[in-house]
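Multiple structures are listed underneath, in structure tokens.
In the two complexes below, chain A is the common chain; its partner is chain B in one and chain C in the other.
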Partner chain A sequence: MTTTVPTDMFQQSTEELISGSEAIAIACALADVDVITAYPIRPYDTVMQYVSKLKADGAFDCDFIVAESEHSQFEIVKHASAVGARTFCGSSGVGWFYAFEAITVTAGLRMPVVAMVGNRALDDPGAFGVEHNDAMAVRDLGWHLYWVATAQEAMDIALLAWRVAEDRNVLLPFAISCDGSFLTHSQAIVQVPTREQVNRYLPGYNRHELQLHPDNPITVAPQVNEDWLMEIRRQTDEAMRRAVGVIYEAYDEFKEVFGRGDPSPFIEEYMTEDAEIILVGMGTLAMPTRVAVRRMREQGKKVGFVRVKFFRPFAVEEVQNALRGAKGIAVIDRDYSYGSPSFGGVLFHELRSTLYPLPERPLMLNFIAGLGGREVMVRDVNEMVETIEKALETGKIEQETTWINVRE
Partner chain B sequence: MTTLMTATDLPQVRGVKNIPVEEFYSSGHRTCQGCESALVMRLMIKAAGPRTIVLGSTGCMYVANTTYYSTPWVVPWMHTQLGSSGSAATGTAAGLASMMRKGKMNQEPINVIAFCGDGGGVDMGLSAISAALQHDEYNLLILCYDNESYANTDIQVSGSSPWGANSTFSPPGKVHRIMNSRWKKNTAPMLAAGHPDVRYIATACGSYGLDFNNKIRRALTIGGPTFIHSIDPCPKGWDYDPKYSHELGMLAIETGLWVQYEIIDGELILNGPSRSIAKGIRRRKPIEDYLSRQGRFAHFTPDDIAHFQQRVDDSWEKWWMPGVIPFTMSQD
Partner chain C sequence: MSTLAVEVVYRGIFQKTLARNIVRSIVFAARKDGKIGTAFGRYGDSPERNGIPAKQFAIVADDPEELEESLAVYQATNVDVTINVDDTMCKGIESWAWYGLQPINELTKPGGTLIVTSRQQADALLDDIHPKESPYNLSIVTGIPSFSGLWVYKDDHTDVRVLGALCKVCPELVSLDAMLETIEEQMGGGTKVVSAQRSYERTGARPVEPGEGGNRREMKFTMPGWKSMEEGLVIRAIPEGGEFAEGEGGYVPGRSDVFKKFSTRSMRPVVNFETCIKCTLCWLQCPDTCFDVTPDGLYDANMEACCGCGVCEAVCPVPDCVTMVNEAEFNDNDSQWQWWQKDKDGYNKWMTDLVEQQKAETRTHGFHHVGGYAQEIQAAEAD
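Our next item is the complex of A and B:
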């Protein structure tokens, strides 16, 4: 595998045709990450192929460790983080699940590890394509969870990830979710910033009195039991609450230093003004959805789209404000939650919970789409809008959850 | 190839009076009376000294040692997951190495020791330990304190428990007297054979304090990843009066069941009683002397004891390397 970026890079800002994986690998080099651990599983592992090549070519200096399992991969960076090293790792699908014990304790220990999840369907049966259930599994554990939609966003959010995760007021790990293939392997034009810009944006990682070092002989994670666990859980909860403010701050700084970014770090709104029907989704299905929305607008339909970027922390007020006034909300889930309320997807439940306090609640339908990497197409989005139009017209919901483009 | 920077202030010690007086594992733990593993912790960190980071995987030496607001560790200490001693050592050593190389941290030798019990090391953590032992660019020591059961969770059988031992997962019953039919895993030689670049692998026992001290120091100063497997009598799991811990450790070796050795740069050196036995200076004590002292073997019949004795005899008489390598070379 060859990298498209020369090794004397980062002196000047450049434009490169690269994949989401390569964008994150370059972000690792720009952020001067100290310890990176790899283990092969498709599709995330492309990032590690690029990282190893960047290291081999001398583009940056890191300890690049090929672990013997995903569990070790995440444990190694967790411990490297404890002594003060900046870290990166990642996984996909069942690999992410294999590491789950380590993933859980990383948040429990408040280690600001940054990980890329190349979203992949969970086994069995085997499938390489994207589903969001792998990354979703950490939603309750204290990980930041962000879904990117473009290679540029992958790079930008990676840089933001260390800035937020390592913030003294946060110290929580950060998962960057990238749709398998659509994001990990698809190339797009990406603006690569200079090292000077990144250095200006990203301070060094400093654990201060939390650093494990002979000069600071602390005992980390002794057994607490019922005496103290609840207080410690509460501290993590407070850190996640503080993360909201830190994300706004870090995003504003990002826009200032790099000169790009959306109005909000948490959501992207597309043609939502005066929209009567708003679609909500995450990740790369944003592209066909935007195209469908634009075409429907051309036909005079008042349709819009909201892309949820941060799934954790979830920006309730921003989502409420974006959706307030719409009559119908169509939530597109690239995931499933068997046996859950309405047999719906995970995002749907979050949206319901978010909109419940509104004085006027919209009609809500859920669409399960694009599982296992099946493409979500413009006509699928049209079908969703037609379904919700019909429900709004008749005032009757035939079924709350519909599986889209699936053989019966 | 990176140059490894190891501690220079950890000489081999002759005579027990030369063992440091300072304690880095002090009061604050609540291990059982007679706990040999607690002694192993104390000897380990006494030998390693204050410029050491200790990583402890889940097990007795986590739960009984470190309770919130009460720690016996004078050195920096961090919990790691049950199967993660190898990864914890690797990650800590890698983090230190990376930051020192890049000028983000002062350059100095810092010892990294990760410990695990037999459950965490011999069973669950074996693959991570194996991986750690392949990283010859890092200085680290993995110490497996083997009390021959999952002693923290109620004494359940592990891959390192002796044949036939009574445990809460292998209780002798009316129909099945022997519920654990597995022979103890031969861990240290497996790791030595499988990782020929590792410069130091040893077995040890807290009953021999000076030997233990020197083994820890050798492991920390030789350079690269190292492994020590220690046999730790456990009053609770083995079911004996706590005052006999030391004696049982010695008996395990004097009966030839446990063999004390170091493998330094590919050369095996037998230590203490194991050396005398191999040289024919000392006769092995009958295994019954060892088994009959422990409640976990109380259900053994004379046939069971004979079987156990036969297995120990075979390991000394039929194995390629007595008590170490359990196969022979074909004469063809």
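Our next item is the complex of A and C:
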């Protein structure tokens, strides 16, 4: 594939003031992605702007294809991935949904496409703000699904994404979820690594015997019936199970090469030790939540926060260990599942099923917050903690799910 | 703890690059001073539309934890410095992202500073600005508003002049040295450094007392809750219009209270009722149905609704019958026709003087020019 790379960029590690979208675009250049497809929808479109600019500036070379729709956009990378091209694409909200036929087969065919989902509320109403329901839709399809909290993390996880997705033991697509606006449109200081570091970390993509190539004549994606499907599903399942180990390994090495990272690739724990009440959430709402936790700690409240980073694969044991011992768990969902058990959010249900096997189950409450880009504020987090404190005190749950900051 | 916030209020698209240059330079310069910062636009303001008021922010803190504390409040609720890069927005702003008219100084905190690029004097500007309960400072960077387009940038040093002034009025944000160094590195340096330095030296601030300011205009909306809102994303049609004046005829169309109104406007049409031939073109072509039909069959542009697009001026077939005039010349949205009715000589004199003055000057807001049409006509005639 395309290999001409100018050598003068990324020779030195630099500090840049960039958004999460720019960070991922730079990761594309660093990872020397071969095929990038684009179709504009807000807030994802920021990444395609920056990618095309980087290409135009000579930071890297790739086939940059602006498709005629999201569906084609995702079809093209799927096919490119089959012939051994490193790929990147992405979308937001209903655009992501429009591509869904292609999105589902990408995992089934074991194509390690990396996509950025700029989280956006689903139409109607036409709204641009963040909601997690869009990306969440791939949770059952064999995609890695990761929620980013900072621009730095966006860049770092993008690099990790190709490494994990393209691992011969995995070969599953990877969705990087970035909260619209808070990540895609806010600029922060990001450390950009050197190309040499990235080359050391990220081997070339090689499908080996699965590569579609004249020298390796194969047929991909035949029609199958009931006598094949169970086995195919089970195989994909096994690949996702293997991904867990690959992620640990890839994250350890990431920390070695780049010199930064959390203790765990799967979750971030904040002041959880000895915490009696633990808040759980994903994405950029980590920031106000951490601030609220810090302030409550100053008042002597034993409160902590766990940020779920990988929603798929979901690290059950790690989450259990982080939450074990807490009396109350407040799950913050920036998504919603109409008519679901206790009329709650998706993360809440996932957490409840994760904690069910524990011998002593904590009291759990669900908070729906920040839908459509509404800000989650420190005072909202305080309100959640107060609600769960009251439930713990009285031993009575008035309602399992509370909508935060909604006009009655 | 010292976290400092700056907002830049600008006109969508035309001043986007200008605003971006300002907030990014603040963060870069603060970095040189050993601080940490972030820059972001108001998401609800984007995708931007021509001329619609929008905001970008720069937040600077001593360390990452402090930065996090203040970012937890995503739209800074009070800022140390408000920078307004088009003085016509002193009248208040409606962005995409909120309902109602926000005073230009709404977020300026007690003792903070409002920097405006303007050729007006402080007192004239204060006539347009809403009064505040707390004192603040007004600082003027002399110049006409810097307008450009989506793909072009008018590099007229407005950005560096604002940055120089900013270092003067808020030295605790960034030092002048750090800013000059940033301008050298990020913006090409040279005469820009000199411009910034000069602006720093020249900039003063006028204290504004509580209650000072001439704009009493309020425009607020109560947003419905989920129980009172109509189901199925329904918006009721607005009632039909009615007569211009009771019993006298004419026609005023119905207008929605909650749709955005006039703060997009940086120039407004002024009509010469004496030369109007009642051809209806302005009335037909106005994208916002702004023209009220007067009882005598003339067309009166309603300034509560006008977005200042200039279409009426472009389509009017009579020379100088509709002329776009800098919005800064006006202090109210009153009916021109009613004034003309009451005092024809007074109105005509005022209007002719204003039109002559406009002709003598370059248009302040670059995007307004009869251009498109005039050039086409010229080209057609030349053929």
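Quick note on the criterion: the second predicted complex is superposed on the first by the 400 of 408 C-alpha atoms of A that agree within 3 Å, B and C clash if a C-alpha of one lies under 4 Å from a C-alpha of the other, contacts with A are read in each partner's own complex, and residues count from 1 in each chain.
We adopt the following convention: contacts are C-beta pairs under 8 Å (C-beta built on N, C-alpha and C of every residue); 3 or more make two chains touch, one makes a residue touch a chain.
Just so we're clear, the structure is a prediction, and the values are computed from it rather than from any experiment.
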Task: Partners on chain A (chain B, chain C) - clash or fit - done: fit
TODO: Give me the angle at the C-alpha centre of chain A between the C-alpha centres of chain B and chain C, rounded to the nearest 10 degrees.
DONE: 90
TODO: Scan A:V257 for contacts with chain B and chain C and give back first, second, both or neither.
DONE: neither
Open item on the list: Quick one: is A:S69 in contact with chain B, with chain C, with both, or with neither? Answer first, second, both or neither.
Closed with: first
Task: Which of chain B and chain C A:M271 touches, first, second, both or neither - done: neither
Open item on the list: Output check: A:V77 vs chain B and chain C. Expected answer is one of first, second, both, neither. What do you get?
Closed with: first
TODO: Give one of first, second, both or neither to describe whether A:F182 is in contact with chain B, with chain C, with both, or with none.
DONE: second
TODO: Using the touch definition from the top, say if A:L363 reaches chain B (first), chain C (second), both or neither.
DONE: neither
- [ ] Identify the partner contact of A:P217: answer first if only chain B is touched, second if only chain C is, both if each is, neither if none is.
- [x] first
- [ ] Specify the partner with more touching residues on chain A, choosing between chain B and chain C.
- [x] B
Open item on the list: Going by the contact rule set out at the top, does A:A85 touch chain B (first), chain C (second), both, or neither?
Closed with: first
Open item on the list: Please give the least Cα distance, whole angstrom, that chain B and chain C reach in the superposed model.
Closed with: 23
TODO: Could you please specify the touching residues of chain A with respect to chain C in the complex?
DONE: 15, 17, 19, 42-43, 124-125, 128-129, 180-182, 185-189, 287-288, 290-292, 294, 373, 375, 377-378, 406-408
Task: Complex contacts: residues of chain B adjacent to chain A - done: 50-53, 55, 62-63, 66-71, 73-81, 83-84, 86-92, 94-99, 101-102, 104-105, 110, 127-128, 130-131, 135
TODO: Mind listing the chain C positions that touch chain A in their complex?
DONE: 24, 27-28, 31, 36-41, 43-44, 46-47, 65, 68-69, 71-75, 223-227, 233
- [ ] Could you please specify the touching residues of chain A with respect to chain B in the complex?
- [x] 32, 34-35, 61-63, 65, 67-69, 71-72, 75-85, 87, 101-102, 105, 204, 212-214, 216-225, 227-228
